[in-house]
Each structure stands twice: as C-alpha cells, then as structure tokens.
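Shared between the two complexes below is chain A, which pairs with chain B and chain C, respectively.
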Partner chain A sequence: MMPPLRPIVDGLTRQRGVRASLIVSEQDGLIIESSLRFGQDGDRVAALAASMYRKARLSAAAACLGAVAFLQLDAEQGRMCAVGGRSDFVIVVIADPGANVGLIRVELFKALEMLA
Partner chain B sequence: MADDVRRWSDELARDPNSLVFLELGEALRRQRQLDVAHKIALRGVERHPRNADAHDLVARIAVDRGDLQLARERWSIVLQLVPGHAGALKGMGYLSYQEGRFNDAEQYLSHVAAADGQEHVTSALATVRRTSMSLPAVPAPAAEPSTTPGATPGAFDDPRRLFADLLVDDGQTAILLDSAGYVLGGMYVDANGADVSTDVGAQLSGITDEVRRAMRHLDIGDWKSITFETQGAVVAMAPSVDASLVVVATSRATPLGLVRRLLDRCGTRATSWLERGVGR
Partner chain C sequence: MNIATVESWIEAPLKRYLDDVHAQLALLLHPSGQVLAQAGFTREVDVMSACALAAAVHATGGELGRQVEGSAFRGLHYAGPSKQLFLAPLTTSRGTFVCLTVFDDTSSLGLVRLYFDELARALASAAPPLPVRSTPGPFVDFEADLNRNLAALFGRDEVV
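And now, the complex of A and B:
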C-alpha cells in the first residue's frame, strides 16, 4: 500500500533552503503531491522538472549509461534536485543556491525509499 | 535477469564448487552490485585458483570499482594461465591506454584483433593508433607539467588530449561539444577502449535544450551546471563560451564533490582553449 504522500513532501520542504518539493508523474508532468512556499507555481515546476528528468533519462540510456537515479541542476538563483527511476514517480526539490545539496540528496533518496 | 540471479545464487548455495559463480558475478557486475560481485568472484578464485575466467571476472569487477592495480594483477595471472586470453588482453590494452602507454595498448589489442577481429576491438585499436601517432611517446602532461587548471595548454595540439592531464583517476573522461553537439575536444573512451565521443556527445547534448527551455520558466536564472548519477556513471555538464558544452563523466565511485571540481577545472581549460581561438 502506498504511504501518505503529504508527510513526505512536507519533510523535504522543512529542509533548510528548500522552496518547494513535489511528487510528480514523469509520464505526464502532473503533480501528485506538493508542498510549496508562497509564490511558487507548482504546475509549471512539475511539468518542467518531469520533462527535464525524462530527457536526462532517455539521453543517458541512449548513451548506454544506465538509468538516472539523481539529477541536480544548478542555476544562478537556485537549484533543482530530482530522484526517480523506480516507478513513474519523480520527487523534485527546488532550493536556494546556498542550500546543502548533500543533505537534500540524502533526504530525497529516503523519500524515494518510502515511495517504493 | 533477476530470476537468473536467484537461480544461480541457489545453485551456488547448493554446490559451492559450481562454476556458476562466473555467470552470477558477471550479472551482478552488470547490475552495478559491485561489492557483492567482488565477494562472489573472490570466493570463486579461492575455490578455482587455476581458472583463468575466475581471475578475469575479478579483474573486470576491479576496473568497475576503480581498483586498476588489482585488475592489472589479475589479468597478469590470467595471461600466465592462458596466454592469449582475449578478455585479459583487452583488459590490459584498456589499462595501458588509460595510463598513456599507447605502444603497450596497441600490442595487447593487436593480439586480440588478430585472433578474433571483433568490431569493437578493431575500433579500439584504431583509436589507440590514431592517438599514439599524433602524440609524443611521453604523454603531454609529463612533457609539460601544468599544476594550474586554467593554464593555457600549449601541449594540446591534439584536441583529443585537451583534458588529459586533468583526468587524474581511472574511469574519468571529458569532452567539449559545440552548440550543435559535435565534439570539439577531449575523448569519451568506453570500457573497451573505444572512442565513443561522437555518439555520447550527441546524446547528452540534447539535455541542454531541455534545460534552457526550463530555465526560461523556472525563475532561477541562467543554468550553471547539471549533474546526474546513473547506474554506470556520474555525468556533469556545464555551458562554456560560444554556447559550447563541457561534459565530464566519472565512475560511480568518484565522490560527487570531486566530480564538480573536475567539471570546474575542465570548464576553465575549455574556456582558455576556446578563447585562444584553437577550437574555432
């Protein structure tokens, strides 16, 4: 049975520097559950993150590198981290540039374990 | 595959002397369960010390774990047991190539190519010959040491050696792609020693189109880098001058922080090289 999803995303958003966390369907880019700070457009983030993760997965497979487990995108004013690969679910976090990405990565994998 | 692994595990549990450990170890290696594969292979070698394929398996797993010294030792044993063992010759060719000993690499791979002429061996041999013909016998970094990552690489007249002195660990590889995904410099060498830069570059550069599109809508500014972990590697990419792209790939054993530093160094090198106009 699938665990309640809300505590999972809430737990991620409680991490320092995290602006939003979402569980997204990789297939269609729709939000399954989310925890957003004020001002974040969840639908847009979900669609773009799912699309980027899917593209990375397909490109890595085509390059014979195997399945993508963790993805991190760094930008000038923030970063996006995502984990997936075990089902259609992708867990996405949007964080500040100074957030501890090592910790976020660990928490993302824990969350993925809970979903498995 | 999971069924096979279970079946082979059961068989090995029933009969610890079974040679099924060879298939089991290889399957686990392919699934990147390297520690388990390593243990099974070592146990197999203990029970079958004269079995060349057992030592070959240990060596292949050692390469995946980044332990090239162990791999070399094991493939040396294989060649003592079975001179001309194709797996060991290919492995020694790969190790020699990684260490810049191109003549040795050519000798090992020539033996394999003469024996079975597999396409990937012939391709790897061609890569080694192209590289060794265009380089002095001593690798460029040794001829012109450079401790500053951003130093202008005067010795890199061969673009394929652009990042050679920055790639300090085994299994690390780096390429520089132009905006169309074509290779400008560096090399992406697979486990068989074949240069697959063009294919890998074309596939990976497609990600950046998606990233640029996302950046326009995510409100987090221009992208600086993207890193992803796969079953077989860690890949990091960063934009460089003239819309070019630096791609670094390492084994999963390389810590992520080190991958990022390597990407920074390769990015600095690429910028320096492109700004000299060499890559244009």
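And now, the complex of A and C:
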C-alpha cells in the first residue's frame, strides 16, 4: 500500500536550506505531491525536473553506466537534487547553495525507500 | 519539423513550441475546423480529417465540461500506448483557436502543458488586431476559406 506522500515531502522541506520538495511522475512530468515555498511554480519545476531526470537516466543507460542513483544540478543561486528509478516516481529537492548535500542525499534515499 | 502557416505571425511561436516539446504532429485550427497551421503532416487529406476530428473533440469536450462543471474543459489529454495527444484552446485578438499536439515518450504531458501556456502567451502578443472588414467576416464562406488555407499550407493553387 502506498504510504501517505505529504509527510514525505514535508520531511524533506524541513531540512535546513531546502526550499521545496516534490514527488513527480517521471513519465508525465506532473506533480504527485509537493511542499513548496510561496512563489515557486511547482508545475514548471516538476515538468522540467522530470524531463531532466529522464534524460539523465537515458544518457546513463546509453553509456552503459546502469541506473541513475542521484542527480545533482548546481546553479548560481541554488541546487536541484533528484532520485528515482524504482518506479515512475522522481523525488526532487530544491535547495540553497549552502545546503548540506550529503544530508539531503541521505534523506532523499530514505524517502525513496518509503515509496518503494 | 516542417511547419506551414496560413498567417506569418503564427510561425515563430509555433516553431519554438514544437521544438520545446519535441512534438511529432501539431495543428492550429479555428474551432470550426479550419486549419491555420500544421506541422508534421505530409498529406492534405490528413490535415483536413485531423482538423475535423479535433474540432469535433473540442466541441464535444467543451459541451461535456459545461454540463459537468458549468464551464468548458480547458484541455484534453489522451495517452495511447506509444503516442499521446493534447488538445487545448488559446485566445488571441484574432479569436479563439484550438491547438492539437501529438507527442511521444521523449516528451511528457507536464512539458507540453508548460510550453502550451507559453505558446498561448506568445501567440496572444504576436497576433495583429483583427482588421475591420466591409465585406463578410472570416469563416463565413467555410468551404472557400478551408480551401484557401489548405492551398496556402501545401503550396498549391487554390481550386475555384
């Protein structure tokens, strides 16, 4: 049975430096559940993050690298981290530049286990 | 992808949209079924039938939405085994148009919806004002308009 999704995204967003977290359908690019700070366009983030994760997964497969474990995008004003691959779910976190990526990574994998 | 438009202001926004969503086929049409732009089609007869069907689906979905929710549904999505379609209206100063987008699993519904909103905004800002006509307005003579638009899209002389 599917666990409630709201506590999962709320738990991720409570991490220091995390601005938003989303559970997204990789295939459709649509939000399944999200915890966003005011002013963020969740639909846009979900569609583009799912597309990016999917392309990363296909690129890794094409290069015979196996499954994508953890995807991290560093940008000027923050970073995006994503995990997925166990189902159609991709879990996405948007964080400040100074956020602890190691901790976010651990929490993302814990969240993925809960969804599996 | 080869794009053909009846009016030039449609071309740039539509091309950007199709590039962004990796669409396989697209149509922009008047709700009556008259084509304004097409991308990916090679045969005129396919455009005609796709426009007629898209207009019918749009009208049916709109009426169903009005009966269920009191207002027309904004968009319609159908997911087939390998291809999906998204059909939604957009409004410009030239009136309301319907856009049919066919895409496969290299894109996603989320991306198509995202970029469709951008297409709607781009077309709304690119559309020139509707000219004042002393003669009967557009789409009054349906068949003549349809033939003229298809002739423009497929580069042939209009059949009189």
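In the analysis below, the second predicted complex is superposed on the first by the 116 of 116 C-alpha atoms of A that agree within 3 Å, B and C clash if a C-alpha of one lies under 4 Å from a C-alpha of the other, contacts with A are read in each partner's own complex, and residues count from 1 in each chain.
Simple rule for what comes next: a contact is a pair of C-beta atoms (placed from the backbone, for glycine too) under 8 Å apart; a residue touches a chain by one contact, two chains touch by 3 or more.
Here the structure is a predicted model, which means the values were calculated and not measured.
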Simultaneous placement of chain C and chain B on chain A, clash or fit: fit
First (chain B), second (chain C), both or neither touched by A:A60: first
Which partner, chain B or chain C, touches more chain A residues: B
Which of chain B and chain C A:L36 touches, first, second, both or neither: neither
Partner chain(s) touched by A:M114 [first = chain B, second = chain C, both, neither]: neither
Superposition-derived angle with apex at the Cα centre of chain A and sides reaching chain B and chain C, degrees in steps of 10: 110
Touching partner for A:Q27 - first (chain B), second (chain C), both, neither: second
Which of chain B and chain C A:A50 touches, first, second, both or neither: second
Which superposed partner A:E76 touches (first chain B, second chain C, both, neither): first
Closest approach of chain C to chain B (Cα atoms, Å): 9
Those residues of chain A which chain B touches in one complex and chain C touches in the other: 44, 48, 51
Residues of chain B defined as touching chain A within the complex: 32, 190, 199-200, 203-204, 206-207, 210-211, 213-215, 217-233, 235, 249, 256
Interface residues, chain A side, partner chain C - complex: 24-25, 27-30, 43-44, 46-48, 50-51, 54
For the chain A and chain B complex, residues of the former touching the latter: 44-45, 48-49, 51-52, 55-56, 59-60, 62-80, 94, 102, 105
Chain A partner contacts - residues on chain C that touch it in the complex: 105, 107-111, 113-114
